[in-house]
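By letter and in written order, the chains are A, B, C and D; residue numbering begins at 1 in each of them.
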Amino acid sequence: MAKLMTMKEAIARFVRDGDLVIMEGFTHLIPFAAGHEIIRQRRRDLTLARLTPDLIYDQLIFAGCARKMIFSWAGNPGVGPLHAFRRAVEQGKPRPLEIEEYTHFGMVLRFMAGASNLPFLPTRNYPGTDLTEVNPGFKKVRSPYADEELWCVPALHPDVTIVHAQRADAEGNTQVWGLYGVQKEAAFASRRVIVTVEEVVDASVIRSDPNRTLIPGTIVSAVVCEPFGAHPSFVQGAYDRDNDFYVKWDAVSRDETTFQKYLDEWVYGLPDRAAYKEKMGTRVSELQADRQLCDPVNYGF
Amino acid sequence: MTDYTTSELMVSRASKELKNGDVVFVGIGVPSLAVNLAYRLHAPGICMIYESGAVGCVPKRLPISIGDPCLVTGSLAVVPMLDVFNLYLQRGLIDVGFLGGAQVDRYGNINSTVIGDYRKPKVRLPGSGGACEIAALAKKVVITIGNSKRTLPEKVDFITSPGYLRGGRERETLGLKGGPELVITDMGVYRFDSGTREMVLVSIHPGVTLQTIKDNIGWDVRVAQDLTETPPPTAEEIRIIRRELDPQGIFLRSKAG
Amino acid sequence: MAKLMTMKEAIARFVRDGDLVIMEGFTHLIPFAAGHEIIRQRRRDLTLARLTPDLIYDQLIFAGCARKMIFSWAGNPGVGPLHAFRRAVEQGKPRPLEIEEYTHFGMVLRFMAGASNLPFLPTRNYPGTDLTEVNPGFKKVRSPYADEELWCVPALHPDVTIVHAQRADAEGNTQVWGLYGVQKEAAFASRRVIVTVEEVVDASVIRSDPNRTLIPGTIVSAVVCEPFGAHPSFVQGAYDRDNDFYVKWDAVSRDETTFQKYLDEWVYGLPDRAAYKEKMGTRVSELQADRQLCDPVNYGF
Amino acid sequence: MTDYTTSELMVSRASKELKNGDVVFVGIGVPSLAVNLAYRLHAPGICMIYESGAVGCVPKRLPISIGDPCLVTGSLAVVPMLDVFNLYLQRGLIDVGFLGGAQVDRYGNINSTVIGDYRKPKVRLPGSGGACEIAALAKKVVITIGNSKRTLPEKVDFITSPGYLRGGRERETLGLKGGPELVITDMGVYRFDSGTREMVLVSIHPGVTLQTIKDNIGWDVRVAQDLTETPPPTAEEIRIIRRELDPQGIFLRSKAG
């Protein structure tokens, strides 16, 4: 089965109403193009899991795609709150949003437990925090080795995980450099995996540097070639973070009318990411990364 | 003497908490500026770690977020976030962690989750992020926050990140090491009493009166006998902050923390 | 404190009689030069932990350095048994050897638990094996999430871990490519870490490709520049595995006289690895790796 | 028809257990040759994983050890061993695992630890390595071993790697999935009865008699009604094995498994 397909096709085939979805990327490589396509295809009742919901989930919440959110930090980094998230939680608009809240460490451990097919993982974190009072997901286990108790978090088993990366081959063998975030753990925890990349490369490129492979093709369902697919977040070596966009988003998203206008113009009003990049105009080249190549290493024997 | 902003004073004061060779968990804003100031002055051997996984960073520009690409380029290592939490923080390798929040209480507990009731919040805040694990697992925590009855209540609405809980030995009893060491506000500096573990005012910023502080904190705060005035930033510190660290004043014209 | 030092100095300062020592490297990057220096300095009563004791621990056992071994597979890969290990276990020669036995998975989990400052880690492995009957280190924990029990292994906390790598800077920021093995987990679990490398490079080389850094300088006590330090094992991109040596070792080690002769000639009889490499003569160039460079990636923004 | 060695027959037979697209945990020797044979003939989409962490290997020479550098060069991925065990094996991604050992018993339990008593062994064997986790966590296990009363006792001296334990549903009861599917020896091929879970002889290699097999196994082995003769390797298979896979006959002149 050929895995290489368009974003429209990948979302249509592998993201279903009611799914538990992870779209990861910690500041780096956030799969915005995939998020926009999910909005365009009007998926509903999704449970969205992510350490930092960021603008991508704020948009999905406003568009009415989300029933529940599992997260650890819901803000616009260095700028302010996520307004759609706050309206949903504080006023139930556009619909009430169920929330399940952990910390960054707890979220990664949940992904790792799922990826390792374990029911839970323990940590020395969490004594004293009120989070364990409001979230029954935290439970204690007694060490069989010493008289001590540890808090645990339960495995998370997403239906689909979507990640963006610098490059992959047609089989989905995916390579990432710069910030790794938690994508590997999220992908292995998931039933289905969609990989969107700046560049689809020949397998020989992947095979020239196997230590860079973060996600193996064997767990990947779909590969989408989607240049600029992470904007307004960034891709190390390709384009910088669009910090102005994040700053301006505060005003855009505070007002529901301008928020809707943004979605109408940049999501519903466009067929795909190519059109989005086109519409971005000169901003694309302004964000283009400088060239700073690493020293190559020798894999010979 | 040089004129300076309160934020610059806070940056200068925070930087003095950092020793050469410290492994520091860095946040954005005042903490980032304080660490970079120490790095340029008295602590060239400091190792900066960001929760995004960048280790030994040498940012060529002011990082706007903890995942800024400038933290990666030229860094000593980039590691998965699972390693940041398991192998660095939980392993006990982090000497100093910086935290802020919406509320800090008498015993150094921090709230960054909700104002009001968790189920029906007046204000829904971002949540813990990595703050709870930093508060629980770093060897020492330095807090920066504004000084007001709203931000420094006697008891926080929600304990996101544990300080000394209800004081005394409660934190140790729960098996937690470390704890908050210092609270730096826009009016003064507080430490924690070694017995009761409550915040004690140890220095007041130039131009601020004791009465002003008492009027802007949520309980009858204890004052150290040897209360001093917070030393203002030196001309050299100001120069580095304004010329090198935040030339566009992105953080230091916004509010502290 | 300067970390860059000779092997003699590093072993003298950081490996003590009675220590729990890990010298890791799964087939790849086995720190033989460090093992030989430990034999030369006549360390005693060591507890040696390693997944595959390999020839390096067989030599330490024969030389009388070891009191106990913690391991999961004790053989000469593809060739036969480890004769010194078998003599010690079956006949108590040169001295009885206490053994503590896990599986590869169990050993890595023990390293990872130590590296994470956790008392234990759970796994779905171990129902039905007799290993849990003969080793009390295996204990069960009940999941707080479902009615199921999981086997656990306890954290391991070595006094010192020694790893060999392609390159490091003078502060011990260490980069590895090719097989990773379990070195990262072993190093983070350890109180002290000695890194021996083919090449000490300027920090700018490390900083040109930060994603390759496996061990950060902040946990490293000593850095030793030791070219050919992994022979007869291999270093990807530097030299091939000396399979003939492994094959011939079977005969050498089966007989105690020839085993002693080997140590006299190649360990006690030589001052350091440089002399060993010199003595290897043309074999060194026969094993030299071909050049097969990876495509460099862009770290710019 | 071509002449061939027993080992070549075993390699040919083992390769038939592999489907295109299978993710296979490969060992050295017969398993490695069988996987590479399948890869060249009917299963080009097979994914080879070695416990050393090499994934999607395309070895340019015959790997001498599971950590051979030729497994790394040109592979699709190299991963930490912790990932091999957590994310591949325990996660349930491994379709087929190959195992050998010193003893395999009536219910497919494997011993690679000791002959005799564990505390005072007659022969101390290498131990589990990754065998125990492969036996416990792979979807299906194929075993290769010599056929003798010594290697196929009714009960192994030590269960290193669990098969069906004492038979019946004991393995499932302990929460283990998968289990041994096939045992390939130098005399025949065995499967496991779906009810009793004991080894059943399903095919005999050309030139071997049923009596020879009964004389070389540690219990009164059951024989399938539809007992067949093991198909000999094809000329093409022999050519690939001798010309491409093991030109120096490193493995196929040594003994099986």
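Convention: contacts are C-beta pairs under 8 Å (C-beta built on N, C-alpha and C of every residue); 3 or more make two chains touch, one makes a residue touch a chain.
Everything quoted here is computed from the prediction, not taken from an experiment.
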List every chain that touches both chain C and chain D. A
Based only on mean CA positions, could you tell me how far chain B sits from chain C in angstrom? 40
Computed distance of Cα centres, chain D from chain B, in Å: 58
Note: chain B sits from chain A at a C-alpha centroid distance in Å of 28
Would you pick out the residues of chain B that each touch at least 2 other chains? 54, 69, 72-73, 78-79, 90
What are the residues of chain A that contact at least two other chains? 112, 117-118, 123-124, 148, 177-178, 180, 184, 208, 211, 234, 236, 240, 289, 292, 299-301
Set of all touching chain pairs, with the criterion as stated earlier: A-B, A-C, A-D, B-C, C-D
The residues of chain C that touch chain A in their complex are 117-124, 139-146, 148, 150, 152, 154, 166, 177-178, 180, 205, 208-209, 211-212, 234, 236-238, 240, 289-301
Could you pull out which chain D residues touch chain C in their complex? 28-29, 51-54, 64-69, 72-73, 78-82, 85, 89-90, 109, 113, 118-119, 121, 123-133, 136-137, 158-162, 165, 170-171, 174-176
Write out the stretch or stretches of chain D touching chain A in their complex. 23, 47, 54-56, 58, 69-70, 72-79, 86-87, 90-93
So in the complex, which bits of chain C are touching chain B? 112, 115-118, 173, 184, 188, 203, 206-208, 210-211, 213, 216-219, 299-301
Could you list, by residue number, the parts of chain C that touch chain D in their complex? 26-28, 51-52, 71-75, 77-78, 81, 85-86, 89-90, 101-105, 108-109, 112, 123-131, 134, 148, 177-182, 184-185, 234, 236, 240-241, 243, 289, 292
